[in-house]
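The structure appears below as structure tokens.
Residue numbering begins at 1 within each chain, and the chains themselves are lettered A, B, C and D in the order written.
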Amino acid sequence: MGDALGSSVSGAAQERFPRKLRMGMVGGGRDAFIGAVHRRAAMLDGGVELVAGAFSSTPEKSRASGLDLYVPEDRIYGSWEEMAEAESQMPEDQRLDFVSVVTPNHLHHPVSMAFIEKGFNVACDKPLCHTVEQAMEIVNGARDNDIIYAVTYNYTGYPMVKQAKAMVDAGELGEIRKVIVEYPQGWLALPADSDNKQAAWRTDPARSGIAGCIGDIGSHCENLLSYITGLELESLCAHITTFVPGRELDDDGDVLLRFTNGAKGILTTSQVSVGEENNLRIRVWGTKKALAWTQENPNYLHILSNEDPEQVYKRGNGYNVAAAAAATRLPTGHPEGYFEAFGNIYKNFTDAIRAKLAGVEADEIVRDFPGPVEGARGVAFIHKVIESGQSDVKWLPFDFQV
Amino acid sequence: MGDALGSSVSGAAQERFPRKLRMGMVGGGRDAFIGAVHRRAAMLDGGVELVAGAFSSTPEKSRASGLDLYVPEDRIYGSWEEMAEAESQMPEDQRLDFVSVVTPNHLHHPVSMAFIEKGFNVACDKPLCHTVEQAMEIVNGARDNDIIYAVTYNYTGYPMVKQAKAMVDAGELGEIRKVIVEYPQGWLALPADSDNKQAAWRTDPARSGIAGCIGDIGSHCENLLSYITGLELESLCAHITTFVPGRELDDDGDVLLRFTNGAKGILTTSQVSVGEENNLRIRVWGTKKALAWTQENPNYLHILSNEDPEQVYKRGNGYNVAAAAAATRLPTGHPEGYFEAFGNIYKNFTDAIRAKLAGVEADEIVRDFPGPVEGARGVAFIHKVIESGQSDVKWLPFDFQV
Amino acid sequence: MGDALGSSVSGAAQERFPRKLRMGMVGGGRDAFIGAVHRRAAMLDGGVELVAGAFSSTPEKSRASGLDLYVPEDRIYGSWEEMAEAESQMPEDQRLDFVSVVTPNHLHHPVSMAFIEKGFNVACDKPLCHTVEQAMEIVNGARDNDIIYAVTYNYTGYPMVKQAKAMVDAGELGEIRKVIVEYPQGWLALPADSDNKQAAWRTDPARSGIAGCIGDIGSHCENLLSYITGLELESLCAHITTFVPGRELDDDGDVLLRFTNGAKGILTTSQVSVGEENNLRIRVWGTKKALAWTQENPNYLHILSNEDPEQVYKRGNGYNVAAAAAATRLPTGHPEGYFEAFGNIYKNFTDAIRAKLAGVEADEIVRDFPGPVEGARGVAFIHKVIESGQSDVKWLPFDFQV
Amino acid sequence: MGDALGSSVSGAAQERFPRKLRMGMVGGGRDAFIGAVHRRAAMLDGGVELVAGAFSSTPEKSRASGLDLYVPEDRIYGSWEEMAEAESQMPEDQRLDFVSVVTPNHLHHPVSMAFIEKGFNVACDKPLCHTVEQAMEIVNGARDNDIIYAVTYNYTGYPMVKQAKAMVDAGELGEIRKVIVEYPQGWLALPADSDNKQAAWRTDPARSGIAGCIGDIGSHCENLLSYITGLELESLCAHITTFVPGRELDDDGDVLLRFTNGAKGILTTSQVSVGEENNLRIRVWGTKKALAWTQENPNYLHILSNEDPEQVYKRGNGYNVAAAAAATRLPTGHPEGYFEAFGNIYKNFTDAIRAKLAGVEADEIVRDFPGPVEGARGVAFIHKVIESGQSDVKWLPFDFQV
């Protein structure tokens, strides 16, 4: 190594917390992808340990997975119902500080509600659930039970996304006029192999809900756009397509957007765009300046204007805003990636739990992680886009309100 | 210099033509931008000389401009009507081989028709004219009078655009599923200065026609998309906006596209996207491969697939198709740009004239330049987009037929 | 998330190991940078726990740091000597599986030898130590005591570096002719602040050794070049400079290289190149193909030839070699960075320990991490470069032999 | 087109010059590459016509080439000696304003001297000639005969190179500490085909002189470095190689540089680096800021510092310096390339001739083109590098003085 960061290495406060937080997990067994991401993200800063879980829909697989992960055998469960029941009766010094829900989408709601009702904090993968009604139950349940609830829209964890948001918030771009957010992938360009578990559940309405591509990655677009710009959607016009024969859900979607301030936008997403990997990208043009960020090269933020040379903001520098600096673990030039961004959702979520345990107010930086309201808005968005895709009416109003 | 091209330097046939072609120009006086581009493009390969012109709407300016350009004084005209009349009576050994029309849009039709009817070949800037009816007059006039007529959709002149087209034509991408073509600019983000002639006429309905941004640069998008993919538009859904207060024409437009083969697309264009320069970019995804090309870095073509590493095709290499090689003047690594691409429209246009003068058939590579049918389709597209932008019906059919 | 990796997620063997490995640490207290990197790297895959340490040169700071890290109080030591003594007497079921040495350079040798002699496996930061004699003691000590010893030349942990090495090994580039490896940084362009601990020890001969920039980052260049190409250095010619007034060690060095096979190279490194972050980059040209890789955008490997389009290899795809796939935790398009690469050194190092514990032979992929011989060669390189920098003889032979 | 440049379109003064300048050419026949470049460059702005030439070493080929180029038959010559004699007797109203010398290197000196002595202005390709003595004859001859003499180190014609020079001159980078200039090509990686004329003469000592790669492209590096930084070379240490068996001249060279102000540098160049096209690139680090520019993407200039975001300067914007703006023909985002840069050498050279003809002083912007002193320095550099490559002495002083 040949660089110094010093003060911008985060986590001092966290590391001084008197004990590691205790994490439980529902889903995330041997064949799962996103569960392993949640574990690495949660434990990246050394302040969390995994102590319980129901890792699979079959008890045998759950047990095998739990042993892989060094979870004590008596806290590996054969079902999430069993886990919720048993864990709710643990003594205080062993009680879970939070539960991560990383199942296929259709279980997000019942699992979340079970743990919410027993008083556990929850981190849940996106999209939050299948229906707006379910989403509102979670919103209300979390609020009523004083639950800290995070939805892992992980792309908002990138430091340069936080930099972007801060610059918009500060008015540096002027009034926003136009936004283009795109998210092409190519991995579902062919009918899914029957042995590809990731593909299988994502293209199955029973487990994924009413939307495929729009639900899986379109919702990331909506969240990223809202997070950075703060714009409120007024109406939309969607063009939704299923390209792969035999597929039941959409695999490509383009949406025209109108915002309440008069701004406009395009959201385009695809899982059949061959050669694309995970190419989430956002561009925002204001009256004064514009910004561009792309997930595959996430340590850079481009700022454009008509008057000045393009500026390339880089992670880890003195000119970064505090929220970006707090989300940074490495000096500039030492690339951070997907795990670190995902870890930033967990960092703030767990710091919020620590603050709650310590009886103090979490500060503004810590409170910056997506919660159930953002999750519910995402579900409403998915429904409205699918409705528009089936409609001959050009503009459908988007009227989500909490 | 330290590289060798040899055989791929084009123009051997042209240079052997017994004389330079004689060019006339309407428009393109001292304050004009695009006229100077046409002149450099036409004369880039050394086979054309400018010998006559009506360069401005005022005789004094026309004369001053003509003298700047070393045009013989007796062939500098005070109006295009005068020029058409006088030049039609020139003896054969002085007669113009073609006339370039580089006026504001509203004059494209009358000037073109005047010269067509007197038997002159014409190169006209885009968009072709204001109405589809005018466009069809030009199409029919050119055909009936055996006129070689080019519309300078110059972006199809880039070698790597020709490479892209050839790869699509050869089926390398498989069946096309999706296209995104975008063209953001920022130079009209503010109300135009009264002394900016370029901005003034482009935002004036009397001179630009019914469309602003869609007409000026949206038409380039439509042409580039059609050229590369060969897809036929079936219907469209447009979101057209005027952001700058007091402006009469659109300055931003997004269009959802449906093609007759089931493919879909997005066309997005803007002249108020601050910080954008001339950022025309196209991406095409097929069932097998995808391509991406951007005008600001035009010497590269990116080919993507799910199976193989990304490939970056570069101009001037042995693996380029013949049409790309013929459009190349410099060895690989020696960047070519806008003038050379524009020059390729003129190269093929003038080679077609040379073939006609020699009484031979122009070959396929030479015939590859945009003509009045492409121009007419562009006009039809502009009208349909503006109509859609004002409509509550989601999809309007696009039914252009020649 | 919206992608599937499945089989290329590494670590199956590791996760099935019956217990977490026990890690101790020397150095890496509250103000340290690289210690935190080692901890995250070691624990990234969930198979390691930190259970003991001497984290600082003062007992108070060591204790505070250990508590931050949830290390049991009775295994936090006030000095590394004390730690070595006490930990060597731990019962088998608590005995450390390895010790990470993350002190300033001058302590690498004595700390390593103390733990080697007590039979502990060691992971040590680079450069290995101050003198070649010390280095050979470590080489011999590790061999004689059957110690698994890693030197964290972390940049060889990147998947695309492994891809590069494999392609060179397979002869895809032909015979190597030329290599350029460069590593500019800018963070020491000014005299170090007295309160910048990272800068302070790196510019202090007592703690850093005879070399500054060449030792700190030049040694990474030498290692990366050797790892990818396998070339053996025959002689070198160095131009070594100290730009910042008052600095005792070099802060910039350029070295011409000759290899035994007739290839040539340039190694250039700087810590006063303002605006540079951590811009390690390597290019290798063979008789058939060339490669280029840059650390700041590490998920891509560029392959060039005279015949074919440039190819961009990307991490996480089916065409990656097995060693690259095994070093990959995320699907393509989900960027991995510095921690993951560093973690790959630890992954192989700890998998080698697990194999040793299990009494089996580690496979070729697992054995691929830098050891004491590479460390010793790096020390010899540093000395030869500094010697050359002070010499009027053009070429000094490099005669390192183990 | 959709952008406005207006005032930054150059050439107003030039176009008002009462007549086109008359150009002659020596070399540049049908098989030549660089001759065609000179012609396009000279005529790009419409103010030059080609009226005479000795285009080849054989009268038949010269005549055929001249006819291709529409040169009047009576001014096509069978040899440059014949041309010099005949053209010196032309009446004033037909007399050549300048002669372009685009022969293989060995003829640069005799041809230049012949035309200089007859009072013609000359533009000569680089390197200037074979020996320093020849070079000084040209320097003195041009001075004594009041000749305007340009050496086409064309890469200094790029607008962003002029921007870079201006920023260094203004002190924006602080004191220069380090420069790396590199120029790898791959086209001579194999023994040259016998029918590749470009390769043939460049690898033939009789026509190229004592150096191959160093003479052909290394001299561009030296000139670009000097132009941008103004640094004076104090001594150098070269590593010169011939990789291709049977080749008589060098095909790869690396040179360490020391400048009189204490700065250091690396110049590296190759014609056997497979996959490289024309990858001239320069980076300059000062005490305050750094810059980076690359010829293959020439419309951008990167400015780096330790304090601020990276800045990307783009051609054609309001923030460009006057010299860059004057070298710009197209609005920002409309890429310019190699021809335009080469044309800028001719633009200034011919504007200087126009000023001389008009009896006025050329302004500073016009006077900015490489002349015989730069050419002589380049020849001295080539000789010193080759001498160093054969020497065991580490540093050889560079003592060129005019």
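Methods note: a residue touches a chain if its C-beta (ideal position, glycine included) is under 8 Å from a C-beta of that chain, and two chains touch if they have at least 3 such contacts.
All of these numbers come straight from a predicted model, not from anything done at the bench.
The interface with the greater number of C-beta contacts, when C-D is set against B-C, is C-D. Centroid analysis (C-alpha atoms only) places A farthest from chain D. The distance from the centre of chain C to the centre of chain D, each centre being the mean of the chain's C-alpha atoms, comes to 45 Å. Chain B and chain D have CA centres that are 33 Å apart. Between chain B and chain C the centroid-to-centroid distance comes to 55 Å (mean Cα coordinates, whole Å). In chain C, the positions touching at least two other chains are 187, 276, 303, 310, 314. Touching chain B in their complex are the following residues of chain A: 177-178, 180, 182, 184, 186-187, 189, 237, 239, 241, 243, 252, 254, 256, 258, 264, 266, 268, 270, 272-276, 285-290, 303-306, 310, 391-395.
Those residues of chain D lying in contact with chain B across their complex are 1-6, 9, 12, 15-16, 19-20, 30-31, 33-34, 36-37, 39-40, 43-47, 50, 67-70, 125, 154, 185, 187, 196-199, 202, 213, 216-217, 220, 271, 276-279, 295-299, 314, 316, 329-340.
By the touch rule above, chain A contacts chain D in their complex via residues 303, 307-314, 317-319.
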